[in-house]
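The same chain A turns up in both complexes below, where it pairs with chain B and then with chain C.
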Partner chain A sequence: MISLAGRDIMHAWGKFVFTGLGLGLLIGVTLSMAGIYRGMVDDGKALLDNSGADLWVVQQNTLGPYAEASSIYDDTWRGIRNMPGVERVANVTYLTMQVRQGERDVRAMVTGVTAGSPGTPGWPPYLVGGRQITRDHYEAVADIATGFKLGDSIQIRRNNYTVVGLTRRMVSSGGDPMVFIPLKDAQEAQFLKDNDAILQQRRRTTVNPVFNRPQVPGLLEAVIASQSTNTYVNAVLVQIGASYNADDVAESIRRWKRYTVYTRSQMEEILVGKLIATSAKQIGMFLVILSIVSAAIVAFIIYTLTLGKIREIAVLKLIGTRNRTIAGLIMQQAIALGVIGFMVGKISATLLMAPIFPKHVLLEPLDSVFGFIAVVVICIFSSIIAIRAALKVDPAEAVGG
Partner chain B sequence: MAGKGIRIEGLKKSYGRGDTVVEALKGVDMQVAPGEVVGLVGPSGSGKSTLLKCLGAVIEPTAGRMILGDQVIYEDGWKVKDLRALRRDRIGFIFQAPYLIPFLDVTDNVALLPMLAGKPNAQAREQAIDLFKELDIEHRAKAMPAQLSGGEQQRVAIARGLVNRPPVILADEPTAPLDSERALAVIRILNEMARKFETAIIVVTHDEKIIPTFKRIYHIRDGVTYEEAGEGRSFV
Partner chain C sequence: MKYFFVQKRTLALIVVLVPMLALFIYVSLRSGPLAPVPVTVAQVESRSIAPALFGIGTVEARYSYKIGPVFAGRIKFLNVHVGDQVTAGQILGGMDPVDLDERIRAQDLALQRSGSQLNEALARRAYAQTQARRYAELLVAKSTSEEIVATKKFELKIAGTSLTAAQNEFARMGAERDALLAQRVNLALVSSVDGLITARNADPGTTMVAGQSVVEMVDQKSFWINVRFAQTHARGLSSDLSAQIVLRSQESVLTGRVLRVEPVADAVTEEMLAKVVFDEMPSPLPAIGELTEVTVMLPVLPTGPVIPNAAIQHIDGKLGVWQIKDDDLLFTPVTLGSADLDGHVQVLAGIQTGDRIVVYSSKALKATSRIQIVDRLLKAKS
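Then we have the complex of A and B:
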């Protein structure tokens, strides 16, 4: 038996290809939306992977340092370093801000890293150009997504930094590229006030009789000095020994040091389950809406194509064609339309949309497989209305009168 | 295969119920022998189409008897379970317009019927080509319907009606869209095919130019048929 659907498609291929093209762009957007979600999850995981930490020690009862603000004293690491199972520790600060370079600015996550050597928690694990930070001040390593080049001078708050190294895929959970600077500079950038605010604060302290006591010499100077120094970081990153269990070490730090400690799996849960949960829901809604729109378009197109063939269907029924053959003709056409649409969608998502989209779009092969299955299922269901219409056609319509 | 033509006795068909009932056929008798071509003539609303639909097993009569070849197919109810198979294998249709499937070439338009009956594609196509030779359209076998003239399309439609060698062919105004010359050519072909394949052909028509060509004509008026014998009539 010949394929009636195949013959009809070959006969009116232009109609099918152009309809498939339109549908394909819609499917391309749907695949890209799924890719954006995957990209967000991947960004979150990249952030955790690249930090090189097994545990995150943060301010008690916060979801810091990525999902909530957290500040702990910058000497906290000393006590943690001596806990059983802890191999390496490092302070870290994170601040998402606009980093200026000449006339332009780039949104970036400025990360303050402790002096050390490659492998120190918080440091970029690899470079694609230049070198790591070797000085205590005014050097930076930037992700290439910032667009900065080696030797560029960038401005963070009041200070200028020279880009000495470039790295890749170092991004925040929101997809902003990272810029690494020395910890002390980062603490200043994050917590230090501007000159006017410092003067104002000193004036207020001086007129406060509690701090300005003539009978206690040096008190006022000590208070003012403490106000102009910053002793906070956002978190302490911890690497544990190979033979230790992360949960056990975390529990020990929680118990004895009175901090909140997250393991890798807990931090992943915070990033994926909480930080990007709203975005994921929004993307999920878009996916549902786009799927419904795609289904409606396929249903409408197939229904219209079927109505255009009512006379032929009546003739086919009159000459004894079985209902399943007619239903097969319509369903195969709907599936063919879906397959054309999916191919166009996959190509457009991969070659057109993902490369130019301003966020990281990760198109997983498995998502494409599920997407293809979903398209075929949607097309099958969308053809039901047209099939019903075709099966209702009275073969008597082919006979005049 | 062709058998003893078709015979109908006291065929009735009514639409509606109670006070609104309309009797479209009030007891039609008709017999067409194998190899015979008869005309069925009547004004609009006389019941021609209803009769044709009953004969074609498209609608169910209300009462009466229909015998196709040796088999009673209707006697106060269908005696055949699969009406689609009956239409496909034992009744040929030729319509007012050819109604060819536009996305199939000429050969497959005709070969589709034997294919639907389960014949292998090659054998079905061979059967179609054999008929094209008879109808002198072999050279158009690979053409698409839209590439054919009206007369060629109607010949393909005739081939489709004949391809399963049915005992009866129902032709619904097959010459309506054709000029006199082509209309007479179609009737000539139908007569030749009826004789050759031992098929009974009933031609429903309004067409004054072909009415004189039938040896026997059934007139239908108000749901009743009257036979007019063909005194002085001659086959084309």
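Then we have the complex of A and C:
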């Protein structure tokens, strides 16, 4: 049996393939948009995964440490360590700031990790180069998205750090790459601004008669010293024992230690539901608009293609071809167009768009499957208009003017 | 001819569609979550490592001196400035004596008067002695009455007592004068050792309370470094270990040794404190308070299996490494020993020398992950 659709495609295959290519680029953008949304959610989850924590202990009644500022004393961990079910604890600080390297600066989330060994909560779980931090000061592990290289010297506030390790996909919920530095340095970086700021602070304290009292020698020095220390961290990361339930441990810390505690699922809800909600809605809206536009364009293309061969269809009708065959011809062509478009879209989204996009684009296989089904369904529905037009053709047109 | 034309068109279509299909399959399988994870693999080496501890500290002087008045007063003169070298016993400055010199002069005169009174008492006693002796002889010749003799003896005793009182008064006046002179000397601000002036807290004319320091000085020979080590990373820290010292202001690495580990750790900052001394005092001398990086060398450990710390993973509450056995991934829990500062960690149990382990991976691995072994994950430095 002769495939009418196949023969017709072969007849003008160049036009057909190039139409498919154009459609494919549109589908590629749509797939990328879905990938951007997935990437945003994945960024949030990566942040949680990379922290290696089961529970986040933060300042009471805050959504910290990612969605809101949270500040707790750095010895809070001692009390939490003693709670039943708690296996490991670690202080952590997060500070999004510009990290300077030579002439350029990079926006990064500087994470202060507790002194310890690899596997401590908060430490980067895997590296792509170099080594983990071994010194308690002035070493950094950076995400490769920062553009830093091993051995680079980077400046965070007043201190220089040597990049000793590189990692990947360690990003904040906003997609900023992370730079891991020892906790003590991070506490200092969070608190001590820069030399000018410190000088200004000292000057202000010195001219304040409450602190600068001649009859109390040493008071001013003590006040200035106390202003230059930071005993706060943003959160305590907790890993719980295998036989314990995260909700139970969280509840007991909430009850007895008077802190707010989030479990993994609650944290995910905060990150995905609150932190990236607006951006996600924007992307979702774009996705809907793009899908509608794509559907409309597919419909137009198929309709135009059909109108282009209306005379041939009239001839077919004239020679007694059944309506079903003609409808099949158009629908098969529409589906073929959709399939080519989807393949081009998938290839372009994966190879061209995702790598150059500044944010993480995650193309899930399941999304691709859904995308494929959607493309085919859209093509089928779009071809209905064209089929109607084709079936309404008067066979007399074949012989007419 | 027509057949050939059709062939040509089909061929062209195949040339376009087949590579596209191939690319599509490649893209679907080799990128995204289905793609194999590129990893680098290394063999567990057998080697010895030299652990070291890293801490930061500040240069401090072991002996520092605050020199100031013991009485409230006003500074009269100050001869030294910050940075001056001074010697033991050198007068650095002095407090205003106010009326002390006049009081010393008055005391001198009072002492002279007391000397005159002493001489008078001596004369009175000599006279009383003579009288008493003469009247005693007269009584033997029956030329005077016993009552008069008794009176003369009494007068002699009085004169003796007066003499003693005058002597004591003279001594008291002398002692008071000495006290005033000592106070006068005490107004001088004197260097107690050979050293360097580090602070000049007040200038002449300033009124100081007792105990406030006018100048501060240090003994430069006693410079040491107060080093802080994180408690978790201070295992093995003890005195007499050799240390490398890098001063912030200098490039070169200096050598030193741990003088002592402080018996009291810092409970607030969770750090151990140690004092490190220089083998040879650097020249020029470092500034007090300068930040230093100190690396303390621990004894070299015997040979054993060593892995890079980048290979260590923490999965389900266990520390371990991803081992490659028959091209399959296997998470092997390990017991870790000491580590050096270059990222090498000794393995006490879990894996053997020669085992193949994953060092770097481009994403977190699971036991079911497909892996692709590559030489390196990072592009070579251009």
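What we mean here is this: the second predicted complex is superposed on the first by the 359 of 401 C-alpha atoms of A that agree within 3 Å, B and C clash if a C-alpha of one lies under 4 Å from a C-alpha of the other, contacts with A are read in each partner's own complex, and residues count from 1 in each chain.
Following the convention adopted for this analysis, a residue touches a chain if its C-beta (ideal position, glycine included) is under 8 Å from a C-beta of that chain, and two chains touch if they have at least 3 such contacts.
Quantities reported herein were computed from a predicted structural model and do not represent experimental measurements.
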Message: For A:L166, using the defined touch cut-off, is the partner it touches chain B, chain C, both, or neither? Pick first, second, both or neither.
response: second
- request: Based on the superposed arrangement, let me know which partner A:S117 touches: chain B (first), chain C (second), both, or neither?
  value: second
Message: As a test of reading the superposition: which chain, chain B or chain C, is in touch with more residues of chain A?
response: C
Task: Please indicate which partner A:S70 is in contact with in the superposed arrangement: first for chain B, second for chain C, both, or neither.
output: neither
Query: Is A:A396 touching the first partner chain B, the second partner chain C, both, or neither of them?
result: first
Task: Look at A:M343 in the shared chain and tell me whether it touches chain B only, chain C only, both, or neither; answer first, second, both or neither.
output: second
Task: Answer with first, second, both or neither: which of chain B and chain C does A:L318 touch in the superposed model?
output: first
- prompt: Looking at the overlay, does A:V128 come into contact with chain B only (first), chain C only (second), both, or neither?
  reply: second
- line: In chain A, both chain B and chain C touch residues 10
Task: Sort out for me which residues of chain A touch chain C in the complex.
output: 9-10, 13, 17, 49, 52, 75, 87, 115-120, 125-132, 134-138, 144, 149-150, 164-166, 168-169, 184, 215, 217, 231, 239, 241-242, 340, 343-344, 346-347, 350-351, 362-365, 368
Field: chain A residues touching chain B - in the complex, by the definition given at the top
entry: 1-2, 4, 7-8, 10-12, 311-312, 315-322, 325, 394-396, 398-401
- request: Give every residue of chain C touching chain A within the complex, in rising order.
  value: 6, 9-10, 12-13, 16-17, 20-21, 23-24, 27-28, 31-34, 54-56, 209, 212, 229-230, 232-233, 268-270, 293, 308-310, 312-314, 316-317, 319, 336, 339-343, 345, 359-365, 376-378, 381
Task: Enumerate the contact residues on chain B facing chain A in the complex.
output: 48-50, 52-53, 56, 58-59, 84-89, 93, 95-96, 99, 101-104, 108, 112-113, 115-117, 121, 144, 160, 172-173
